[in-house]
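In the two complexes below, chain A is the common chain; its partner is chain B in one and chain C in the other.
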Partner chain A sequence: MNLTIAWRNLWRHPRRTLVILLAVIVGVWAMVFYAAFIRGMMADMLRQGIANLTGHVQVQAPGFFENPVIDARIRDVATVRDALGSLLPEGARWTSRLRTGAVVRSPHGAYGVTLVGVDPAAEHGMSFLADSVTEGSGLANAPHGLLVGRALLVKLEARTGHRLVIDAQDASGQIVSRAFVITGVYRAQLETTEKQLIFCRRETLQRMLGVGGDVSEFSIVLPAAEESPAVARTLRERLPESAFRVLTWREMIPFVGAYLDSMTVYALIWNVIVFVAMAFGLVNSVLMAVFERVREFGLVRALGITPFGILGGVVLETACLLVVGAAGGSLLAAVTVETLGRTGIDFSAFSAGTEYFGLARIVYPEAAASDYALAAGTVFVLGLLVSLYPAVKAARITPVAAMAHV
Partner chain B sequence: MTELPAGRSGAGTPIVEVRDVSKTYAQGKVIVPALNSLSVTIAEGEFTALVGPSGSGKTTLLNLMGGLDLPDRGSILLAGRRLETLSAAEVTRLRLQHVGFVFQAYNLIPVLSAAENVEYVMLLQGVSRSERRSRARAVLEEVGLTGLEDRRPAEMSGGQQQRVAVARAIVSGPAIVLADEPTANLDSHTATELLQLMRGMNVRHGVTFVFATHDELVMRHAKRIVRLRDGAVVEDERCS
Partner chain C sequence: MRANTRHRVIPILFLAAVSASAGAEVMLPAVDLVRAAFEHYRGAASFGSMRMTIHRPGWERTQEMDAWTRGDKDAVVIITAPVRDRGNGTLKRGDQMWTFNPRINRVIKLPPSLMSQAWMGSDFSYHDLARSDTILVDYTHEIVERIQDGGHTVYRVRLTPRPDAPVVWGTEELLIRDDFVVLEERYFDQDGRLVKTLVATEIEMLGGRLLPRVSTMVQADDPERFTRVEYLALEFRDAMPDRYFTEAFLRNPRD
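Right, the complex of A and B next:
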């Protein structure tokens, strides 16, 4: 019956209740949607980071991570191969690459780049490379083929089929130059990637630099990012520290990990900000409801309800409002997130700006159950807390004071 | 000005004993005297009218009897307990268990139907749901409101609303029902009906009533008339 009373009281002023209900709905929606947006952005950032030739775990030579020069390379490739072959969990994939700093020249300019020698077939499902070739045939059947980013191609004023000359330092410290043919153009999420990375076949680069079968890195992609620490631990046990360095994605792209970790805190801060905006309306509407019912509170106090009973009634009324609002807001958020999660939110119009921060062009929001729980929880707990103020005011009304009230 | 000793007023067990009670209100800087060393005793089964001009202290006296307010001086005994010795929570509980109230207006909770208004007090008293239902139905039938159980206050006439209030006041068999000008907003015909209803409860169930009025027509129904002036009892007469 208390619930019935609370519910009916809530709807004595339908318009006022609807307005504040709408505020709660929008508030909860904003909370969940923000969390989902950030989560989508983070997930994309992680995906991109992993696909950006990082992988979940890498094996490198000591010192390469800090100073990626050709001298810091893995010379004992067989040991790593054996370790990967026997220790990786099912579903894991790996490939090896050779990297070096280089200068690419065309008749229109020369640019500093990173030349990466890859095994084109093995990159499938490992990095963005396999799915990103937009023109040309790629590296598959071209020993001296070169895969160039769209943005760099524009700067070089070149096209597929054109020749480019690449200068790099070989194993003995000599500058070597080789002519390559552009056999493919790739697009990356980030323009900086397109300008920075140039790809050729691994064997070609190994020969050019005179490093035999040596590589710079083994990159491993696992079925789930969470497995990275465990896999890294197993590999570290097998591969001696003197010759190998095992890194997880958290060590290689630490800002992504830091973003992921602080996401909950950001969401909570945002939730509180949204709530504060909402709280004024809420307290105001509950106060109004209390002040226009002074006589009623006096009456039921005379009948024998305790001040605590009055307080409970007002809080219960607010609770009804908050539950409906939280449910409505969550539902609205679920619909929005579900829809935009499928279509994505296109930021390409602002891509120049977002790229600068390393963010994606298209964000696919995804909400976790905890996002709904956090939003609904924030609104419910803080909402009840602020409703205590009008509730205490109501509880203090005495029958005699209420009778004098007009 | 005759002041009658408290003990003389009735033969039955005293339900309310007001002894030497004074009450003033502070209105800004002005002190307004409301009751002045007033004593009166209400015995079980009485049907008493508090009569006096506006401002004579009727409402103040009823509030003190029902434990809605505290006197400045003097002592009040309600259902065997000295109110001035009790905590606020104990007074509230005492009121819930032993006192029924009927006010001049705003008697009912607007969002509840007639039956629910009657049930509400029983809910506070901890009466079970099924018993609440059947008792509410029965008492509404007794006050002649069968068929109107599901009406909200706004859908009932003033007389019907006051009947609901009376039904609510008596439903749990209180020691006393205090009614402050219950007929003030009713026409004389409806007022008479309400008084007859209350008197019927008094006769059939022995419910003790004290009601305040300044209406000659209403006070004719009383079995005892306590006249107040300037916060003191000036006359206390029994009628037959």
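Right, the complex of A and C next:
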């Protein structure tokens, strides 16, 4: 009964109601969409971070993370292999790599890089490497092949089929130099990656550096990022701390973790900002609706409705407005997120700028149920709170004052 | 970084030594021609002073330096002028290098990564200078042309790196005169483009041997970018005591 009256009251001035309804809809949409955008960006950041030869969990030698030199390597490879074989959950994948600082030389320049010896077949689904080779055949059939980033290749003025010379420090501390042939070119999301990392076969690098079967890291990719701490704990129990160090992605790329953690806070702040803008319109229109009905409120007071009844009526009107607005806004946001989530939002025009922050060239927004709940909840609760002001004003109207009101 | 400049000395000495013996008209296979030239240099010890000029389109810088060398492994070079740079020095012993800067009064061992960099200001890279016998080991050699030049025959020798040799060049060419003076060394990239050329000029008697007094490394894409090294004095010695190739001498070079 009260609801019906509130609903009818709302539509006594359809245009005014529609305008404020539109404001609520746009507000909710902005809240949800922003959250979805940030979420998509973060998901991509995490994906990229994991794929950037990080993995969810890594086993390294102690000290390698702080100072990645060839001396800090895993010498007891079999123990790690056994542990991974028996302890990893279903669906987990792993590979081992050997890394070293090196200088790569061509006739046109010499640059410091990180040379990574990989098992090309095992990198599929583990890192960006397998899907990023744009030219050449990669490392599969070339014992002394080299996979070089596009940007570095430009600096070296070289191309597929050319020789490059690599200098690196071997296990005994001597400098070893060797010629490699460029058998592949890769593109990475970030140009710094292309300039920093070059790849060769793991066995080739092991032979060149004289380290036997030793590796720098075991990288593990799990079915879900959330399993990382548990898996790391199990591995830590098995692998003695004196010879091995187990790291999760949160320890290896802490800024990504920090971004993810602060995301909810960002969304909440944004929601409040949007709401404040919306609140002025809301209060104004409810206040107008109250003031033009002073005589009416006086009449119903005289007929025996309590001030609380009037207060409830006004709040209920606002509630109707907010519910319809929140539903409309959520629906609109769902449609937008769904569409753009499929096509992506292309930022390649600004890629030089966004790259700087480690962000993707194309963002795919994705909204969680909590994003909708947070947006609708903020609007509804805060909306009701601010509508108390006009509602209290309405409740204070007495029949006598109403009669004096023209 | 300035210290690295001293290593430019080495190829100059190499060229000098290569041309040290005035041979008769020879019909050697290419590899022997290169080896014959190289063998004359090996084991020689020398003291020289030289002037180096780095030329760029906009500016030019000149430094003078003293250099002591022994074989193709050991060298010490000390800058003598301008005053601003005096006392800066570099020591090379085997594959290792140290620099000394009098302002900070400290000897610093150069990390290997730095040793493989091209020196920023000049047109010589460390690898141009430290090559020693790699010119024989890492390449296959072929005489591609015999040029009659006045009374001399000049052999154009093409050097092709062996497949796994740590050589960045596509090919190199040496112009060796029949008296073993190396007149020119040309560096080509892997597309066959000329990258830079080391030209020896003013061939005259120096320290009792026939040597190019001036050597110039010119960038192929811009003739306004070159580094020229000229000998002011040069003497050869049969031996050089170890004390020259120490950090103590680097700090305090008293001959």
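Basically, the second predicted complex is superposed on the first by the 406 of 406 C-alpha atoms of A that agree within 3 Å, B and C clash if a C-alpha of one lies under 4 Å from a C-alpha of the other, contacts with A are read in each partner's own complex, and residues count from 1 in each chain.
By definition in this document, contacts are C-beta pairs under 8 Å (C-beta built on N, C-alpha and C of every residue); 3 or more make two chains touch, one makes a residue touch a chain.
For clarity, every value in this text was computed on a predicted model and none was experimentally measured.
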Fit-or-clash call for chain B and chain C when the two complexes are aligned on chain A: fit
Touching partner for A:144 - first (chain B), second (chain C), both, neither: second
Contacts of A:157 with chain B and chain C, given as first, second, both or neither: second
Which superposed partner A:167 touches (first chain B, second chain C, both, neither): second
Chain B versus chain C as contact partner of A:103, first or second or both or neither: second
Partner chain in contact with A:82 - chain B first, chain C second, else both or neither: neither
Angle at chain A between chain B and chain C, C-alpha centres, nearest 10 degrees: 150
First, second, both or neither for A:306, with chain B first and chain C second: first
Partner chain(s) touched by A:261 [first = chain B, second = chain C, both, neither]: neither
Distance of closest approach, chain C and chain B, by C-alpha atoms in Å: 85
Residues of chain A contacting chain B in one complex and chain C in the other: none
Partner chain B, residues of chain A touching it in the complex: 1-2, 4-5, 8-9, 12, 295-296, 299-306, 309, 398-400, 403
Residue ranges of chain B touching chain A (in the complex, touch as defined): 59, 63, 66, 68-69, 89, 92-93, 95-97, 99, 101, 103, 106-107, 109-112, 116, 119-121, 123-125, 168
Contacting residues of chain A [partner chain C, same complex]: 101, 103, 105-110, 112, 144, 157-158, 162-167, 169, 174-175, 177-179
Chain C to chain A touching residues, read off their complex: 95, 112-113, 115-118, 125, 127, 161, 163-170, 187-190, 195
